[in-house]
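To keep things simple, chains are lettered A, B and C as they appear, and every chain counts its residues starting from 1.
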Amino acid sequence: MAEQTVEQVPVLVVGGGPAGMAAARAARLGGARVVLVESGDDLGGQYWRHLPAERQAAREQGGRVAGRPHRGVHQDVPHPGWARFRRMRDDLLRDAGCEVVLGGHVWSVDRRDGAPPLVHVLVGPPDGNGRQPRAFEPAALVLATGAHERTLPFPGWDLPGVFTAGAAQALAKGERVAVGRRVLVAGSGPFLLPVASSLVRTGARVVGVVEAAGRAQLARGWGSRPWRLLPALAKGGELAGYVRDLAAYRIPYRTGAAVVAAHGTDRVEAVTVARLTPGWAPVPGSARRIAVDAVCVGHGFVPRAELATSAGCALGADGSVVVDAGQRTSVPGVLTAGELAGIGGVDLALAEGEIAGSVAAGRAPSPAAVRTRSVFREFAARLAAAHEIRPGWQAWVDDHTIVCRCEDVTAGELRSVAALTGSRGLRSLKLTTRAGLGSCQGRTCGRSVEEILGPAGLVDAGRTARRPLAIPVRLGEIAATAAAGEDVR
Amino acid sequence: MASDAETVRIEVAGEPVDGLAGQTIAGILMAGGRLSWRRSRTGRPRGVFCGIGVCFDCLVVVNGLRDVRACQRRAVDGDRVEFQRDDVAEHAGGQEDDHG
Amino acid sequence: MGAGIVGAATARVLARAGCDVVVVDRGATAGGTSASGEGNILVSDKGPGAELLLTWRTLAAWARVREELRDELPAGFPDLEFDRKGGLVVATSPEGAEALLAFARTQRAAGVRAEIVDDARAHELEPDLTPDLTSAVFYPEDAQVQPVVATEALLAAARRHGARVRQRVEVTGPLLAGGRLAGVRTTAGDLFADAVVLAAGPWSAGVAERLGVALPVRPRRGTVLVTSRMPARVRHKVYDADYVGAVGSGSADLQVSSVVESTAAGTVLIGSSRERRGFDDRIEARVLAALAAKALVLFPFLADAQVIRAYGGFRPYVPDHLPIIGADPRLPGLWHATGHEGAGIGLSLATADLLHDLILAPETADPLADAFRPDRPGLPQEHPDGAT
């Protein structure tokens, strides 16, 4: 096995979304050399997802609506802050002191005591083979890996045509594909609004936006002490734009309700929407069937904390990484910014990224960034209160509902194995039912599995975020990763 | 100056399919009318679910390589895409060699 | 003390015999080593000796116990997936072949079914096996069980016979009465007992220390890679011949010998590493790389396999590589059932049966038990790995 060089780098940033880009930029301004690793083939992350370069300048024949040709001109899908993104991106790509590694997939990190871990990267296409291995030893590591959506299971959610809300965005912004022609958007959180806006601009008809939180829950979050939201007025402008779209496209917005079932044989053909109690349990007799050909459901976000966990960082109860005022984690030399430090949207991510980058470069963070962070942390706290998932959702999950999509494990199987074995161990129950052991390693189902098994009180809850392999890797690629020299310093 | 989009030609389950340069395999499949192309462990049809590469529902076989996320992989001219089946038969163990 | 496979098997056997049994574990049932392995029940890696005899007994016991469990377990209980898979040990170098054949000869002399197979037969058994093998031996007796289900099944059966299983209860100290162990102090109160059985796997030394005795059991780290599910191409357990050497070694450095097998779920498991590094549970790329490289020597086709998971565990390791089973001569009332290293599943039932005899009917206990006594010659009281 050939010896692989370990590259020493002052500041390594993992994740090229808003937080990572802001961190790289701030570290550069602080005088440090930076390597920014991004798994996609361009910077921007999920928030600034866009058409690939090959398609940006091109003229395309109409559009595509999940298989049906759609006449008419594409409207540009809204990209708030697009000019800012372009500037940041171009600056980073032009900067000789910042190496941007696109197609860089961090597959594992070697934890070190009291220091940043060794970071192992494979460079090449996603799920490729024979990708190029690189290993980094950062003096400071900024983790900005973002978040992914959580979608609560419901009967029929595994039918083709049922997507997360984020998928609608990703396909709209990145592919100019609309997920369907008659689409319902449902779930919880302000993210549902930009999703509806993106969908209408790709030619879909959005038949409604259904928010699970009722008016009382929403008011508690958004409405209390509204003066504290004043500094975030600019954010209000962006949201106002989405609300205008709802009116302009006549999209009904309904609160205190949820999709409690999807119906169809090979694809979704209709959904059942029911009113919810304040605790999110379906109200009997309130169910209404709506014909759709696609439904997009999202219930908030889950930080992608596997690298932070492998590095030894302490996590909070909500799965985010615990940070101090300088965005430092519990591991010396490891910092984090963006959704990973707590779900809070792009403005918070940019502020936190700037702080983390400055601190990583050994500089004091700018007072402006610190102020912006506290404004948008308040915003994020409102978000959490207004849209937090309430336990009544389990009432719409019947025994036949698939909970683990990768392994097709139903809620009934989970409940019965827990009862039959009397086990209260999450690890034992996962290994017995196979829930969470498939390719996604519990990203999609993990929290739902824990909450369904939860009534008995799990002894080892919260294990789901432990993933020593952050992404799937080919066995040949692992073998080709030479042992990093033990005494490289 | 805008120019016409470049096409790529790939093969999907043996049939030639045209897409636009830069499209992901999922984008090409969905633009062509498909919502599902994989069979899950119990044979259920699956396609894109999360669209951002975390759910692993959209897997396809590309040029003989299994477990490729269609929503992440940009199509390359000449790619041979096959539909992945994860309802594989469980192996029979050593039954034919069972020495009792 | 300990709700892993050995504690579960012991609890069941004693509960069936009419004893009032309580199982305590500071964590969840099947929460330790029993959930970290592949569920191996192997004769292939056993030279002639006491461990081999214990393995044969466990194999025989599984046949009986599976029948008994059918009555003891409720309908719908998950399947134990017991599979008499057979194991194929493969050498890929001339030295490896020599060592393997020599070992197989001693095994055959002791009655192990070790079939030396030629190249053609090896590839009949495993069509995707490397063409570069120098020698291969097939062990039809090697078997496997789903270790977590097996543990939970034995506990469920024990409960059926009246045993109580208490999770998240940690032993904090001894209850002594006239120089005898009369029970244990726990985080949930005092538990009095006529016999206290220590079956805490790699954590046994820590528990023993709380009870006032030293036990030469230390953790030996192992790591496993798991692939996504794929059409089955590996039909048996397949090991490279280095496996035998790795088990018997006392070296603390990383040792890797390849073990590859398919599971009922369609995934392929790739092991096996051995390191002595205390309870350090970090996973390092260099260990994964070594596992991967050795697996590819056996099955080149696996280069394309998508690895989705890596996990590790700790084996309870004793310096003379034999489990510790029997009464503690220093502390009457304390019984040991630990130190099974990587063979806990494969030695579990026979350990339980031995302990049952030793505790309840010592005059009938098999002389085989002598080999595992805590005070056997050749077992140092101090473990070379030092303090716990």
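As a working rule, contacts are C-beta pairs under 8 Å (C-beta built on N, C-alpha and C of every residue); 3 or more make two chains touch, one makes a residue touch a chain.
Source: prediction; values computed, not measured.
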Quick check for you: compute each chain's CA centroid and the global CA centroid, then name the chain with the smallest gap between them. A
For the pairs A-C and B-C, output the one whose chains share more C-beta pairs in contact. A-C
Which integer distance in Å separates the CA centroid of subunit A from that of subunit B? 23
Report, in whole Å, the distance between the mean C-alpha point of subunit B and the mean C-alpha point of subunit C. 40
Could you tell me which residues belong to subunit C and also touch two or more other chains? 228-229, 265, 304, 306
Residues of subunit B engaged with two or more neighbouring chains: 41, 65, 67
Which residues of subunit A are in contact with two or more other chains? 127, 129, 407, 438-439, 472
Given the complex with subunit A, which residues does subunit B contribute to the contact? 1-6, 20-24, 26-27, 30-36, 40-42, 44-57, 59, 65, 67-69, 71-74
In their shared complex, at which residues does subunit C touch subunit A? 27-31, 35, 73-74, 76-78, 146, 148-149, 151-153, 155-156, 159, 165, 167-168, 225-229, 265, 270, 282-286, 288-293, 295-296, 302-312
Subunit A - residues contacting subunit C, complex: 1, 108, 110-111, 118, 120, 127, 129, 135, 310, 407, 416-417, 420-428, 431-434, 437-439, 441, 458-460, 467-469, 472-476, 478-484
Residues of subunit A touching subunit B in their complex? 41, 46, 51-55, 57-60, 64, 66-68, 125-129, 148-149, 158, 160-164, 166-171, 174-175, 177, 179, 266-267, 304, 405-408, 438-440, 443-444, 472
Could you please specify the touching residues of subunit B with respect to subunit C in the complex? 41, 64-67, 86, 88-94, 97-99
